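Here you go, one structure.
Residue numbering begins at 1 within each chain, and the chains themselves are lettered A, B, C, D and E in the order written.
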Amino acid sequence: MDVTFYISAAVAVVATLAVITRYNAVHALLYLIVSLLAVSLIFFILGAPFAAALEAIIYAGAIMVLFIFVIMILNLGPQAARVERIWLKPRTWLGPAALALILAGELIYILISGGEQEPKAGTAVVGANEVGIALFGPYLLGVELASLLLLAGLVGAYHLGRRSGSEGSDSPGSGRPNGEKV
Amino acid sequence: MASIPANYGLLLAAALFVLGFAGVLARRNIIFMLLSIEIMVNASGLAFVVGGSRWRQPDGQLMFIFILAMAAVEVSLGLALVLQLYHHLKSLDIDKASRMKG
Amino acid sequence: MSGQDFISLLPLTVLAATVVLIMLAVSVYRSHILVLLITLAGLTAAAAMLPLAAGSGPRRVTSLLVVDGYALFYTGVILAATFVVAVFSFVYLRKQQGQQEELYLLLLLAALGAAVMAASSHFASLFLGLELLSSSLFILIAYPRGRLNIEAGVKYLILASVSTSVLLFGMAFIYDQTGTMQFSRMAALADANAGVLFTTGLGLLAVGLGFKLALVPFHMWTADVYQGAPAPVTAFVATVSKVGVFALALRFFSQVGIRPQAHLFLMFALIAIASMLAGNLLALTQDNVKRILAYSSIAHLGYLLVAFLASGPLAITAVTFYLSAYTATTLGAFGVVGMTPCRGREADAVEDYRGLFWRRPWLAAIFAAMLFSLAGIPLTAGFIGKFYLLDAGVGSSLWLLVFSLVAGSGISLYYYLRLVVVMYMRPRGASSGEATASCPWAGSLMLTALLAVIFWLGVYPAPLIDMIQKTAALK
Amino acid sequence: MLRLLFLIPFFPFAGFALLALGGRRLGRRGSAAIGAGSVGLSALASLALSLDFLISPPAGYSYSQTLWTWMKVGGFDPGISFYLDALSLVMILVISVVSFLIHIYSSGFMSADEGRRRFFAYMNLFVGFMLTLVLADNLVLLYLGWEGVGLCSYLLIGFWYKDAANGRAARKAFIVTRVGDAAMAIALFLLFNKLGTLQIQALMRLASAHWQAGSGLAVAAAALLLTGALGKSAQLPLQTWLPDAMAGPTPVSALIHAATMVTAGVYLIARTNALFSLAPHVRLLVAVIGAATLLLAGFSALVQRDIKRVLAYSTISQIGYMFLALGVGAWSAAIFHFMTHAFFKALLFLGAGVVIKALGEEHDMFRMGGLRKQLPLAFWTFLAGAASLSALPLITAGFYSKDLILWDAWSSASGSVWLWAAGLAGAFLTSIYTFRMVFLTFFGRSRGRIGSLPGFSMQAPLVALAVLSLAGGFVEAPGLPVLSRFLHHSLPAMQQAGSATAQFAFGLIAAAASLSGIYLAYHLFLRRPSHAEALAASAPGRLLHRWWFAGWGFDWIYERIIVMPYTCLAHAGKNDLLDLIFTGMARTAAGAGRLLGKTQTGRTRWYAAGIAAGVIVVLAMMVNW
Amino acid sequence: MILAWLILWLLAGGLLAWFSARWGNAWPRWISLITLLVQLAALTGLWIGFFSHGNLAVAAPGQWLAELNLPWIPAWGARFHLALDGVGLLMILLTSFLGIVAVAASWQGIQHRVGFFHFNLLWILAAIDGVFLAVDLFLFYFFWELMLVPLYFLIGIWGHQNRVYAALKFFIFTQASSLVMLVAILGLYFAHANSSGVYTFDYLGLLGTPMSSFTEMALMLGFFIAFAVKLPVLPLHTWLPDAHTEAPTAGSVALAGLVLKVGAFGMLRFLLPLFPRAASDFSTLAMSLAVAGIIYGALLAFSQTDLKRMVAYTSISHMGFVLLGIFAWNQLALQGAIVIMIAHGVSTGALFVIVGDLQDRIHTRDLDRMGGLWSVMPRLSGAGLLFALASLGLPGLGNFVGEFLVLLGVYQVSIPLAVLASLGFIVSTVYALWLVQRVFLGRNKHHRQLPDYNLRESAIMAVMIVVITALGLYPQPVLSTARGALKKLGSYAPGHHQPEASGAVAHKDPQAGATKPGSGS
């Protein structure tokens, strides 16, 4: 099983790398789904089957579909990929890569210097049953809050998604026509 | 069952997190930025699950569920904003959305 | 959950119920003023529940929330601020086309998120409260859907999401190390088991919260978002969201303890100094009022960190008082910004205020009072607040921080006074005599009330201090 | 009767107040009447008081009167209080009488000037301060009078304020004397702090009791007081202001810059003689300065063209005599010379005033001449004054006083042959320049018609002063020292070492010097003017002429080492260089703000990078520290 | 309770003046004038009362002429505690007097927003009175800061061309420095609490707080900086010329006459008693700064071409004497400092009024455009001359008494400093005469016809002349009033062995004088 972990981990990392480097949005999205599935597998290995299932169903399934919708709405085809190629020159990577490498170095150093920790992960399965009991026990209020959070998302998406009057122009309430200094 | 040192799980999470972060920094296309953010969020969720697994508690997974909810909200709002922004800018270039500065 | 628990939760419950009520009302009959009234009534009702909740004593409600005097006091501040923002929003939006009712719904949700944060004792509630707040804010900032609104909303969304992931990552690290997400248990483990993951986690957590508080170096979004958001929402961002997050940070870090952890302390100290200096310096050369206030808010949060780092009961009362005073003052300032007439847009350029005193004396006087309060001049709440902060800082011998505070305040005088000066200058040319339309009475009333609060706190702060000491003391 | 002492300074002050507040209502006659009348009342009071004092002398030959306590802080409690003794009595008599005469003269002299009300106000104020000065019972009040007369001198020198040169002369006078005053103030601090009082009599007693002769403190105090006296009395090296002070109206020169104020230094030293006795070195310094000043000023007077400047240098020179006398301990001789000098110098100035006015503001002697026919009264009175100044033997007051000083310079225990020789040379010079002036002005060819003739109000004082200049000396004839005896109630007698025969012999020498000087003047400026011109045209003659004419170049040096550096410094610092510190700070802050503002690019990715950097720093801190 | 009324009366008068402006511009003026006259009358009555009851001699700590002590912010131990002593009484009298002068001097000059102007003026005075009365450090700080805002408005709204810059600079200087003082106040508060366990801002309570010498010095410096900015002391003075120059006449009068005094008063009331050892360690430096200020101010005054700026620099010079007197810390010098404070208030105040009147007439402050004004305005010029003379320390006028006493006292402490400060006599003559020359004397080139002083203006000047002369010839009432308070102050001096006037030493010990060589010259 350990080997599975390492393989999945490798897949996840490679797929993620592909996500952030692809020019075509749909390709990137597919790689992301691969990555998410790999993570889902890791959840399973770590003894969290419920989380694994949600990862696959909701994340890889539902949320990514939203992206696809938007990509379709915006009609990001090969044309967009060309633009993307211009935007994402190798030189662009210098700064982000440097920052990311330093950050990664630090995190790796921290995690390794933390030493072998006991207990190890993935030694027991925490199933859907336990999760459900906790969810509607001590975390009941959390669920309620999460529902309100989703409500906020709903209302917000509804409001923002509406195509109404304020065509283009700078609507009142947002500073000068051009935000430059006066 | 496998017994993986918790650190390894976290290392993976960290790697994904950093990759996501790099994506946010590097990509000018807002869609890609949102994708990168999803990677970061997902990495955090992974870290929680690792913790839950290590302590054999459901709490880690619960946090993951909440994160999932949040990710859903964020993506929906984010994409709604992207549409609006595209409506205004006729472009997905985040760097163009920099009228306010100084 | 027992019956007592329900009583303790009543303020939050009422708030949530108001949200539902509004939703129902909107689905039946859309009316701007009706929704406003429901909102105000809901807020009032929630506030009325506070004594009731306080009556049942400090209570832990499940592992997620703890409803004690501290939480209730901050909830009170949040409710009051939201009340004011709701009225400002009404004044601000009343002339605009389209559906404005969702705004109140989101306001209430955001307030709920902030209140949850103030009461949270668990990572889950922290996270959910924070998200409830931020998600509502994404929309509120972009609410009028103008170009700049959207731009601000997108920026805030992206950056906030990044910072939230950092925060989550930090929480995960802590959870990984300690095996618990409850603050109190974590605190018990912190001393014995302060491994590297734990401290790293605290650091990442601080980054996440620091972003929300707009501390240097996570401050860069502030000015753009303040500028892009409609004025009432800016007021909300500047007050309620900060109050909620700071309340949480104070509770969390005073339970975990900062002072024993030298590097954490050092980090906060550096952040505080950088915030005080950078905030004030950035504001110096600004010509946009909202940006000035944004940068000044960075500095103010830096000031707050001084007392925050002082820790101890004195620090908690100091922070609480300052936040209350700051809330009232900032609301007033943005209220004026939102109500100053300016040819169909927001009056956010310094030039727009030229000669305001001679056109709209009352509005200008209020703005001047608010600016003086921000600058910490006597007779205003800001003076007592700043005094309190220094009190805490000096009491803990944080000399470097104290002197940064002094230096920062010195610099800040320039831009506050510059605004005041502009208002008292003779209007340039006769053409500026536009829009002498009277201020809507609701807005005026609110501003006057805020002015009264500012002066009351500035002249006779004893009752509030007393109340804070009695109720808001963290054990 | 003595209780009315305060009236003596009061009248002039009251006159000043009336004139200052009276406004235009007073009119031409009113101003003059108040101005002269108040001083007249004061003179009258002085006379009455003197009589009373002489007839029924108060206990200890002194009387003091305290009006009120000025300021009382702990042991420091100077009062507004007056002290009358032989010395101050002589002083007030001379001052009030001469002032009165000059006021009378002024009522004629200034009658056409539009500023006469102001003029009389200042003059009255001056007299009030001068009387306060000499009557003061303590050094603080004396200082008040001291500064007050300085002020009035300033105001009157610059009386014709429309000419900037007058203002310059006036400022110079005030500032230079203030240099001395500052030193005097320090002397006061020293005396009070060491002796605990500034009441003059007590001070002198305490000083004598506590300090040994030659002790450092006594030397310091005396030296500082001397500096004050040097400034006010225009002695070396602070003499430069007096010649310029002639810019004021002529009566002012007569009153302030000849008869009264400039002798205040003499009075001060005489008043504090006990202190100077404790500091023999300083006393010697007084004598040396006196001797040097009288010579230097004598030479300068020799080459002046302006009649008033001749008189001014002559005044410096004559006060040099007084200092010489003080320096050798001949206190009463100094006061005697002060008195006679007041008479004849006032007379000379007033006479010069008549001449100048008659010629329409002409000051240059070389453009005068032959006036003795046109202005006979002025000529004769002027001649009387000149004779007195040149110490024409036997018939002039000046002879007696100068002779006494020369004799004392020789015969005093602290005198010396050098001092005597200097005095003698000075006397010789005096008669040369005096009669040079007389010959140039009144003899020779007449050069045109004269303007106005003096009226009665101008003539009467001339006559009165002429009489005093001639007869005033008999109060102290050799063998009948009435004045000295009287003054010895206040001033210690001098230790004499010399016989009456010797004194007679020295008198003869002095007389010879005076007469030969007159003759030389006659030879050079009347009989053979070509000789004088040839002398002046020779190379050393030209050099000396220029050097002396410029008052030995003191002005030139002061201009370069004090005035110019000060003004340069002031103008260099005009914009307050210290402000640069703060404007610099402000600029730095604004610059830093702008620099930081550059980080606010408005680009989301950049902001995210900021967060990333923050995270990196935070992590680094968490791990390594 | 009378003490609270002193302040409330002015606050109420100010509000009334503001609101009365809607009935006409004359209303605020009369209301302010009457308010101040009533206050001055009441204070004078009070003063005479103290004299006749012999109350002024109170010298023990904790004894006041009048006191009011109410709870305010119990959580901090801050109380609304006002108390009056002799020095405070003098300062409040000065405040009322100059207040009246300021109102009278602005009678015609201010035509714009008259109500708000008088509101600000009265509130400044009220806050200044508060500073003179507060004996709770927090309350003191409260009033200390409160005075800035109305003054800021006064300069910023009714000032001259460069008013905004001047007002900002003034405000930032004073506010930033007083924040430092605030830190020091808190430091003292905690130092006291650490040693006694009592949290209080009470002046009497905080006296004698045990501290390490480093702490004491640091806290003392905190106070010193704030007071030094107000006073002003040399390197911190640069706000003053700008503020004084740009302020309207009333503002200049208030600034020079009162605000500067507040700094000196703070030193007397708080700095010396609270930190006696540090203050005496610091005294040489402080006095050196004072001497530098005396010379520097006079030097720069001489070189100015703006008349008002010139007068402003003379203030720096004069206040140097005050600082000198305060840090010499003996009765003579302290009394002298008090007298200078009052005399400077009157004389410089009068000069500013004159400059204001001149500006109203000839619309410039440039010395190059003046000259010879005596010929057209003898009354104004006469007054100008007199106050210029007061400024150079002419005996018989108030300033002399103060300067003389200060130097007399300083001489006991440091002979070289006294000697250097005496140079002030000379340099002040230079600038004062230069002023007179440039403005009033010389040839009148520019202004043929100008109105001389009218009755109102003459009356202001007459009153001020009477006061400055009275102060010069009979300063005793002032000295007596201050004596009790200053004796008390003297008793805080470290190694307190203040002889009445140390000259007395020589009486007892003839050798004392002889052994120490006097190096006066």
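To be clear about the criterion, contacts are C-beta pairs under 8 Å (C-beta built on N, C-alpha and C of every residue); 3 or more make two chains touch, one makes a residue touch a chain.
Remember, predicted model here, so these are calculated numbers, not experimental data.
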Original post:
What chains do chain B and chain E have as common neighbours?
Top reply: C, D
Subject >> Top chain pair, ranked by number of contacting C-beta pairs >> reply: A-B
**OP:** Could you tell me which chain's Cα centre is nearest to the average position of every protein Cα atom shown?
**Re:** E
Subject >> Of all other chains, the one whose Cα centre sits farthest from chain A >> reply: D
Subject >> Chain of greatest Cα-centre distance to chain B >> reply: D
Original post:
In angstrom, rounded to a whole number, how far apart do the mean CA points of chain C and chain D lie?
Top reply: 77
Original post:
How big is the gap, in whole Å, between where the Cα atoms of chain C centre and where those of chain E centre?
Top reply: 43
Original post:
Centre to centre, by mean C-alpha position, how many angstrom separate chain B and chain D?
Top reply: 96
Original post:
How many Å are there between the centre of chain A and the centre of chain B, using C-alpha atoms for each centre?
Top reply: 4
Original post:
Where does chain C touch two or more other chains at once, residue-wise?
Top reply: 124, 128, 131, 135, 138-139, 142, 145, 147-148, 152, 154-155, 158, 162, 196, 200, 223-224, 227-228, 286, 288, 414
Original post:
Among the residues of chain D, which are close enough to touch at least two other chains?
Top reply: 597, 600, 602, 604, 608-609, 612-613, 615, 619, 622-623
**OP:** Mind pulling the residue numbers of chain B that touch at least two other chains?
**Re:** 6, 10, 17, 20-21, 24-28, 33-34, 45, 50, 52, 54-55, 57, 59-60, 62, 66, 70, 73-74, 77, 81-82, 84, 88, 94, 97-102
Original post:
Touching pairs of chains, which are they?
Top reply: A-B, A-C, A-D, B-C, B-D, C-D, C-E, D-E
Original post:
Okay, in this complex, where on chain E does chain D touch?
Top reply: 169, 173, 234-235, 237-238, 241, 296, 299-300, 302-304, 331-332, 335-336, 372, 374-375, 378, 382, 389, 394-396, 400-401, 404-405, 407-408, 411-412, 418-419, 422-423, 425-426, 429-430, 433-434, 437, 440-444, 473-476, 479, 483, 499-507, 510, 512-514, 516-521
Original post:
Where on chain C does chain E make contact in their complex?
Top reply: 317, 372, 375, 377-379, 383, 387, 390-391, 394-395, 402-403, 406-407, 409-410, 413-414, 417-418, 420-421, 424-425, 460-462, 465-466, 469
**OP:** Using the touch definition up top, name the residues of chain D that touch chain A in the complex.
**Re:** 602, 609, 612-613, 615-616, 619-620, 622-623
Original post:
Any idea which chain A residues touch chain D in the complex?
Top reply: 95-96, 99-100, 102-103, 106-107, 109-110, 113, 179
Original post:
Which of the residues in chain B come into contact with chain A in the complex?
Top reply: 1-12, 14-23, 25-29, 31-32, 34-36, 38-39, 42, 45-46, 49-50, 52-62, 64-66, 68-77, 79-84, 86-88, 92-93, 99-102
